Amino acid sequence: MKLRLGMIGGGQGAFIGAVHRIAARIDDEYELVCGAFSSNAEKSKASGVLLGLSADRVYTSYTELIEKEKQLPEDQRVQVISIVTPNHVHFDPAKAALENGFHVVLDKPMTFSLAEAKELEKVVAASGKLFCLTHTYTGYPMVKEAKQLIKAGKLGAIRKVYVEYPQGWLSSFLEGDDNKQASWRTDPGKSGIAGAMGDIGTHAFNLAEYVTGLEVTQICADINVVVPGRKLDDDGAALLKFNNGASGVLTATQIAAGEENNVKIRVYGEKGGLEWHQSDANSLTLMYTDKPMEVWRTGGGYTSSFAQHNTRTPAGHPEGYLEAFANLYRNFALTVKAGLEGKEATAEEQDYPGIQEGVRGMAFIENVIASGKSDKKWTEFTI
Amino acid sequence: MKLRLGMIGGGQGAFIGAVHRIAARIDDEYELVCGAFSSNAEKSKASGVLLGLSADRVYTSYTELIEKEKQLPEDQRVQVISIVTPNHVHFDPAKAALENGFHVVLDKPMTFSLAEAKELEKVVAASGKLFCLTHTYTGYPMVKEAKQLIKAGKLGAIRKVYVEYPQGWLSSFLEGDDNKQASWRTDPGKSGIAGAMGDIGTHAFNLAEYVTGLEVTQICADINVVVPGRKLDDDGAALLKFNNGASGVLTATQIAAGEENNVKIRVYGEKGGLEWHQSDANSLTLMYTDKPMEVWRTGGGYTSSFAQHNTRTPAGHPEGYLEAFANLYRNFALTVKAGLEGKEATAEEQDYPGIQEGVRGMAFIENVIASGKSDKKWTEFTI
Amino acid sequence: MKLRLGMIGGGQGAFIGAVHRIAARIDDEYELVCGAFSSNAEKSKASGVLLGLSADRVYTSYTELIEKEKQLPEDQRVQVISIVTPNHVHFDPAKAALENGFHVVLDKPMTFSLAEAKELEKVVAASGKLFCLTHTYTGYPMVKEAKQLIKAGKLGAIRKVYVEYPQGWLSSFLEGDDNKQASWRTDPGKSGIAGAMGDIGTHAFNLAEYVTGLEVTQICADINVVVPGRKLDDDGAALLKFNNGASGVLTATQIAAGEENNVKIRVYGEKGGLEWHQSDANSLTLMYTDKPMEVWRTGGGYTSSFAQHNTRTPAGHPEGYLEAFANLYRNFALTVKAGLEGKEATAEEQDYPGIQEGVRGMAFIENVIASGKSDKKWTEFTI
Amino acid sequence: MKLRLGMIGGGQGAFIGAVHRIAARIDDEYELVCGAFSSNAEKSKASGVLLGLSADRVYTSYTELIEKEKQLPEDQRVQVISIVTPNHVHFDPAKAALENGFHVVLDKPMTFSLAEAKELEKVVAASGKLFCLTHTYTGYPMVKEAKQLIKAGKLGAIRKVYVEYPQGWLSSFLEGDDNKQASWRTDPGKSGIAGAMGDIGTHAFNLAEYVTGLEVTQICADINVVVPGRKLDDDGAALLKFNNGASGVLTATQIAAGEENNVKIRVYGEKGGLEWHQSDANSLTLMYTDKPMEVWRTGGGYTSSFAQHNTRTPAGHPEGYLEAFANLYRNFALTVKAGLEGKEATAEEQDYPGIQEGVRGMAFIENVIASGKSDKKWTEFTI
């Protein structure tokens, strides 16, 4: 049985919408049944046709989508709604979808502001519906393995965390050209108060908290607008303190010319350390003071149930970004289905980012930007 | 418009059938409409149900599938049939499908014997239908880039080719246990005259000919059965001569304990060399005698139209094995569709392995095994 | 003609003294003629004997060494004195050596305090003697290449610098055992006000300023004592501002369990970026927004005169840490010899760290520790 | 106490002579006291002066060197003679040196022919002197570790060996220019019957036998002269059989354009495999079918006494080619000294290549060239 999926945003030319659709298709857990792909009616229709939808289920607004779908018989009606619009159009459709009985998948960062995030948290709770936030990198099998190994005490108490997300694509003033991605991501009216920190800093932040199981408590940030004329930060670094006393460093930049998307995390504890980076996503390096380094690999028979549950191919056949993304969709589907069947989803199935991660991500944005403007060294991480 | 896809083989528990289905889904060019997933009727039905097929289009044999589908109206009838059975059940269903008007996707090695392959070549020609053989590794963007760079003369005339496919999974007598994959792949009645040489040696051979654009003309092979009790080769190496005078070395083994699937090719010409290997599939290394090495990357704006056509995500978001596989399916679909629309598919779209590659692959198997048994050093590569 | 070399410190069991001696031997520019290897007379003698010195030129103190050597005929007298004692015994012997007419090689960090460093700067100037500080990593050919490429504008104006020095060897309370290296390096009476920041933070700082040609102007540091009972910092991170407006991040830690000595630098400018790390010391990666990455290699015929001058073996025969160290000694020798011959040493020969680097390194220590204690975010980098 | 070292060959402009001298200096076990650096008297003198030798111990021929040195008092006379001439001038000076009571270090390949090698074996035996052949790559700590791990059964019985030595420097007809290295190495009158197979094929062969502890028993070779006009092979590949039934592949080429000197070995046994390559010389990768890969590192506290004995610096400070070479010199010196002191050298000290390795290396050359010319597949490895 496939879940009936609808999409808000993601019309022709959009980047992340296409990624969401591939991710939803890979494991055959969803069937795309409707969408409001663009506020431009023609564009929305054209996008829907290309996707093979019947014309009557292609809408021009999320409100129309929700209203019309609600009128459909329960066994035809959309069940899960994916929202892949720019940040300023996250909260309203998510709230509407949840309040009208639909499960929601939402792209990150979760909302336009922390206030919206906290409001959405209440909406989710009140709705009783399920909610998934697409922090892709936590979908990688070896990222899940890292979390499980740390949880099992393999490294001892955690002392140091380095997390980084280097990009170079905004090294020049792309938003001056007709670059759709650059334009909205550097526009405070669409992205919110942060640029790089919102777009990729939140990924780094989420990765650090997910892998370590710790929470950031203090931030000291250096936030920069490097490219002249840009309206939002395109570079930043933050010193971090965690709730167990560990410290860390987070960097996120979009002006590291030549860098692609090599998001990377390193964590060190009393007994050893580990490293994962996206450019070798199927390897997880463990290191020790007294024995050889180990390289754990996606597909290895020795990996945890969490890693194996999120692996499709035999070791050595690399799984990539789309499979990591698909893991979020698949786990969310399995959890939704378990609910429909009145069962409890397994821990592995429930291991996808949700509303808590979204609230903390938005708090990260507000705190890191506040710290960047402050003369004081440490800013308390408040929500 | 999606192409209607049927599948022969690939029931529950099969490895490669699931891979084919994911590959067909990723780009949304196909809709699975029917299947004969197993010769066991119950198992076939169960598999079909899990895949969401209507029960009346789940068959228990390829003959039934072809017969029944032919009776359906043209706009409902399956258009492309994927055959994912063990080698001994390739020729008959492929021939039947083609002769009854269906396009065919066939897993490698193409047939049980070279004789069958040559016969199938005639069948394809006579049918006027399209045919795709799933040599996955040629679907990687950076493998395509390698081919294009060599074709453009970037390395000068080719002098040396090293290609290897190391696996370790058959290091022990797995077929003695109840291991389905190991059992049929080491069974001469199902795999044919070759084990490792057929299963992965053909991939290496195909990769070498695809990337260089050359043809092997002579072989000198050392073929081994390493694990006691095994019935087919699990290891081999071959010295090669190519039609331009270049020489090469091909190795394929399933007893390199600890190796996963790091298929790798290195090619050297008068002016430089290149290297690609699956464990870093999105990089292509070019090296020169007089300037720095270069690392070309999937998604790079500087890559060829062939690489870019086969890339979905921005550089640095790794695409893997399933995307490479999907590229075969997508290109085949685009070529089929162009035909349906009376258009010529582009060179990029037509760049998928076909019947010629299949015949040469089967010739490789027969020649390499013959060479392995010969006391003479060089065996002419004959078809 | 070999320069006559003397050594202060570096008796049996010392680590860095042995490294200095190998470095001095590799290129045959020095002959070790005398030493005061230990304040323990017997140990000093024993060390000298093992090194093949004549007994009358093995001394028990640096004062004795200087006094006695001065009495020797000019053509027998030591010419260059290497000082390889712990930090608290740097200034006095260096001052005495310089003021008595000897050239000096000194291990880093230069002195016990910034005040001493500034005093030593005056001593050097007044003495007219030459001075070398052994910041080893700037001796690597590919680090020199990085500097030259940036100087030539290959990356455009520099915007971002990441430099890191991760170690794990002080993850436990080694100084509680009888570990000589750990004991003095964590002892404020011997190391000064800083532990990790002095021992390896100065290397990272020096590397950043050397490669970029920029100067740090502001620091915001998080300085930690992680291992209970330790008296000096064993971990730290600092946000940096440079004199051209670029920003950076420096991390240095000795509690990253499992890390060896993979010092690493990444620099990004308007047009591209570069990366060098010690674990692949003979490679320098250049990356661009619009063309393939390049890997420049030690020994490449295309490298600069600076890289080639510091390379001994054909490309692909790795040169390592000892060769990098030897490059400092060799360049210093060539510069000393040029002076003896009344010639100007070449730019390549003069490219070794000296008194300026030492003063700035000590200023780094004082500023980074002050910042670590401050509630203010930014500390001006003052000397 | 330093051993008194003399050198035959290695005058100004020679490559390998300078490498030998650095190797001999690094560990301070030798003092260069005399040499016959060139058959050109002036060049020999000039070379000697540059090396700081007294003029009366710089000779113009090896016969003069041996004759004159024999007349010196025993405590001044040279003790170890290094011979670094082209291959055709190996046997005579080595024989003369041994027969006159000197220990010998000889560059590889050992002699001009196998006949000479077998003769030299007798000379060594009769002389009672010690003999070292400089197969550099066996001097790397991680190569030694590989041997020890295999010896200890870590991989189980060995089944497959891949060894390769790819170079690109002879991709063009360098010997047509005034390139000294290229000229003698491609000249049958100086190199013998083999080019690439003698120069680097012997290294690969030696590495395979050293690491595995096995002996090659059969060869099937493809030997090529790729560059037009060249007189000796510049490329080759050989299928191998070992005395325990294992098989292997050896490749050595000098026309792999863009390759440096990345000699590499991979060995697989019943339980796992290992890989070492020179471009990451301080790492040794172990892989298993049932647990994570391990990366063993030079300097790791967990490494064998053989690895640790051949390591100078803490882990992470890379040791390279010159240190590997120095390990041969150092171990030979320690063995010579033990003899002088009437003691037995340790197993670690005696672990350097000697006359047996030299005879087998020359047999490899003759067998592989014979196989290359043969129509028969397998050539017995005969000595």
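Order of writing sets the labels: A, B, C and D. Residues in every chain begin at 1.
Definition applied: a residue touches a chain if its C-beta (ideal position, glycine included) is under 8 Å from a C-beta of that chain, and two chains touch if they have at least 3 such contacts.
Heads up on the chains, UniProt names are A, B, C, D = Gfo/Idh/MocA family oxidoreductase.
Since the structure is predicted, the reported quantities are computational estimates derived from the model, not experimental observations.
Enquirer: Which chain's C-alpha centroid is most distant from that of chain D?
Expert: A
Enquirer: Measuring from the mean C-alpha position of chain B to the mean C-alpha position of chain C, what distance in angstrom results?
Expert: Taking the mean C-alpha position of each chain, the two centres sit 55 Å apart.
Enquirer: Per the centroid of Cα atoms for each chain, what is the distance between chain A and chain B, given in Å?
Expert: The answer is 34 Å.
Enquirer: Go ahead and note the Å separation of the Cα centroids belonging to chain A and chain C.
Expert: Using C-alpha averages as centres, the distance is 43 Å.
Enquirer: If you look at chain B, which of its residues touch at least two other chains?
Expert: Expected reply: 169, 259, 286, 293, 297.
Enquirer: What graph shape do the protein chains here make by touch: line, ring, star, complete or other?
Expert: Shape = complete; every chain linked to every other.
Enquirer: Give the list of chain C residues in touch with chain B in this complex.
Expert: On the chain C side, the touching residues are 286, 290-297, 300-302.
Enquirer: Okay, in this complex, where on chain D does chain C touch?
Expert: Answer in residue numbers: 1-2, 15, 18-19, 21-22, 25-28, 51-52, 167, 169, 259-262, 278-281, 297, 299, 312-323.
Enquirer: So in the complex, the part of chain C that touches chain A is made up of which residues?
Expert: Residues 155-156, 159-160, 162, 164, 166, 168-169, 171-172, 220, 222, 224, 226, 235, 237, 239, 247, 249, 251, 253, 255-259, 266, 268-273, 286-289, 293, 374-378 of chain C touch chain A in their complex.
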